[in-house]
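Okay, so chain A shows up in both of these, paired with chain B first and chain C after.
Up next is the complex of A and B:
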């Protein structure tokens, strides 16, 4: 009894050590973005000029990333929710195959998926050079997260009964789907949307292959700055990434939690 | 509220699932307009399958037909059959309020908003949910949810009301209260209803007639009294109420009879040695008896308020369940004599 009631100091210390191990590189990188000269350390003084430079050169990538992530969420929801329905209801053994096929882009390296997209659609110059091409890549990569999450929610037996109840009351398929099923799985859709947004904002592998100099996203810009500029600029870029994306993700998580509390059951 | 009652005819409907499981053997039954018929039977006997066929949630095997009045609805999809259904776990729409749940069927039919409000109000009054209109299902008790489910099914003025174990999820006390309430409501509305349950008391309280099912087939259809008093099959007698199962033997005089530790019970003339006959506990009479006239002793006694339940062990080791009057003074160990009228013995 006393051993379980005692505070697990050993566990707390391990957790703190692991957390520090993960956060230290990030803290170091972010702090480098505020130093005049990384080699001189804090003694060299602090500055905001690297942040200013990043914003001047790469500010557009922030907006591009957020817009692409938002569009990815909308498209995966519009495609994924209806696609999840037949997967959830079908008793055919082909269902598992379809589900595996949809999940392939997660297992296959992003570079390979990107190459496949370029081979298939790269000859359409206008499309290839637009943000829409990057967007398609993000949708292909994130769609399985939406489909599988919503399909799992739709498979709950009580959902089948709700659908049947709506049918006995005279509702056609569209009325049942939009009026009963979608609201019932709304928390799952929101949770999947949050995952899709987060994955899209940080997506690098695919985007690195798909982008053009005019269609760069935040992670691609970050790689670009690390590769071609001073270390301080790359680090300042990391700081920008945290400053823009983290608050957005936190707000979305709060919204998702509110939805779960209101509609969750 | 007025509902135009419809007759239901189920003609030779069977159901075989894709994996070959036969859930229902070819079955035929009819429900008269305004009649409440209960499908009663143990789990897996096919009663819910039969209800789902009438609802249109399952399609019968080729050769089966379902008629509402003279209309063949076998191929009419569920949403156009004009039914109302109450599900075992109510299946209330969790994101909608009580009023929105009740009005759902009318909204999907694009009913006039004024008529929608009036009907929802009528239903709320009918099932006495006043004051709870804005609540969501999660904020209601089991009994209240059951009422919402019933009101939602009735709001569309169904041709046929289907009830799938509607009281099973409730606790015993509430269930008993709602049984009578449901029976009264269905009779008042004069709605044709098919009620599925495995609870004999519920079926006998709510329904005008019972269809008792076993292993995918209907064994007997009749009023509760007919089925209880004149069961056509041992299964029916055993499912409705309790029975003692006794084996017929040959008496010293060569006639068939039931031996009772020194005494004999006369059996129906149709019974032969080796047959099984059934005897209900309330049809057995016991009197205290001394000496050689006793057939056995009271092995167990339980006072249940409305009756005394005895277990009598006869001298030839039969253990009989006996229902005695609640004033019965016999105690454990008392020697007793056992009697039963020959016509009370059920032989099939």
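Up next is the complex of A and C:
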């Protein structure tokens, strides 16, 4: 029958079309960053001059983004891992409310959170003009990913048994938490950290509102170059994003997988 | 004291849970209260300073209502197209056992880590004033139409950042489906269409619902993509941004933000209530 025979072909063709749709813009943008002149295409010759220009004008934003993302990971881990413990162990309505509340910054658009932060703290100039302002926004937005991933790991029944065994052997609360629970959920912490890093490094909706000319991140610089520079520079800058951020994420992914395999479940 | 008896250990954990466990929550809760709850409370109260009707500006002011409806219409259209294409590609790749499919899946979900501004720029390169497609069209003797800045450009760009999420979700769902069920249906002589309707659809319903909510909420709140495209089709986040930065109309910007936030939150909460949903990136 024609309809039964056609369907797999239809799926394959759709997959091919979607693949082209996803890959073509990436390829176009990478090549445009290396072309002398986008309008002339490859015939115009290739150059590294746009990359160089991006590096001199926007190089600082790359470092700023990586440092902010790393700081966001550290702070969400320091705040989020301890919070995950009572959320995982308590059955009270209060903890359910806390978990619900801290997830709100993900459910609500970043623009709204950024407006709220500016309205509340915008007049505190030292804070408003520092990277700390951007950092605070990133932590609020990414904290739920850390908390919920780690809390889910802590809820596993064998961890409850492990914790009870440690207590039976006389381990105090701090000893149980740092010596037993944290190592046991370490793979979850690492995978949450990867998520937090990825979100922070690409964050724009909040950051565009929170930044100042002296506190620009990579996505903010990108938007600036798209609006005010020639296409080749915007493309070269996008290429810098791909070249710096994607390998970093891949390395972190490999590390996360290695940790998981070492723990082996 | 017999601190090593199991009963006392359980009590010790219970005691630890009550006092120390709550101490664990203090830093995060304090941080969240200072940098989200308090600022949002201020945001919620701000429109009242200009009278209660400010909360309903989105309904009473035709300009804002139009912006809301345009955003919602665009988001619904993108969500439907995403589910259709994402399901086709995700199921196709998720069911395949080939290593190439795994690799392709990895490539197709790559854009999840791109900021929205990059995706806007992609469509400027493709279909902007100096874009590839208008150039090719002109070379072929057709009319030059830079569609990046209108509804079509916005639709395609939103589709671009939505598809990877749906493809990933449907591929994961396809792998989780029990093949024995389909096998049984086939051995009983069910047609391909019957299998799709009676075996696949019910099992994919939770994924579809969750995906729809996340994609819809993400489209409603997306700012970077529309900002880069400087679209003629104005969406609500851009309206809010303009009210805040260009007109310094803080109360109105707050009121519109509340409308937008309640809409995306409600969509996600509804999906979670009816389908058990993980977390998306709004």
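Just so we're on the same page, the second predicted complex is superposed on the first by the 247 of 265 C-alpha atoms of A that agree within 3 Å, B and C clash if a C-alpha of one lies under 4 Å from a C-alpha of the other, contacts with A are read in each partner's own complex, and residues count from 1 in each chain.
Heads up, the rule we're going with is that a contact is a pair of C-beta atoms (placed from the backbone, for glycine too) under 8 Å apart; a residue touches a chain by one contact, two chains touch by 3 or more.
Fair warning: this is a prediction, and the values are worked out from it, not measured in the lab.
After superposition on the shared chain, chain A has more residues touched by C, the comparison being chain B against chain C.
In the superposition on chain A, A:168 contacts both chain B and chain C.
Touch criterion not met for A:55: it reaches neither chain B nor chain C. Contacts of A:108 after superposition on the shared chain: chain C is touched, whereas chain B is not. Within the superposed three-chain model, A:179 lies in touch with chain B and out of touch with chain C [touch as defined at top]. Contact with chain C, but none with chain B, is seen for A:98 once the two complexes are overlaid on the shared chain.
Judged by the touch definition given at the top, the superposed model places A:158 against chain B, while chain C stays out of reach.
Overlap of the chain B and chain C contact sets on chain A: residues 164, 167-170.
Residues 3-4, 6, 9-10, 12-13, 16-17, 20-22, 24-25, 27-29, 31-32, 35-40, 42-43, 46, 85, 88-89, 91-93, 104, 107-108, 110-126, 128, 130, 132, 135, 159-160, 163-164, 167, 191-193, 217, 220-224, 227-228, 230, 237, 240-241, 244, 250, 253-254, 257-258, 260-261, 264-265, 268-269, 279-282 of chain C touch chain A in their complex.
Listed in rising order, the residues of chain A touching chain C in the complex are 3-4, 7, 10-12, 14-15, 18-19, 21-26, 28-29, 32, 38-39, 78-80, 82-83, 85-87, 89-90, 98, 101-113, 115-117, 119-121, 136-137, 139-140, 143-145, 147-148, 163-164, 167-170, 173, 176-177, 198-199, 201-205, 208-209, 218-219, 222-223, 226-227, 231, 234-235, 238, 241, 245-246, 249. Taken together, the chain B residues at the contact with chain A in this complex read 18, 55, 57, 77-80, 82-85, 87, 89, 91-95, 104-105, 108-109, 138, 152-153, 156, 162. Of all residues in chain A, only 91, 158, 161-162, 164-172, 175, 179-180, 183-184, 186, 263, 265 touch chain B in the complex they form.
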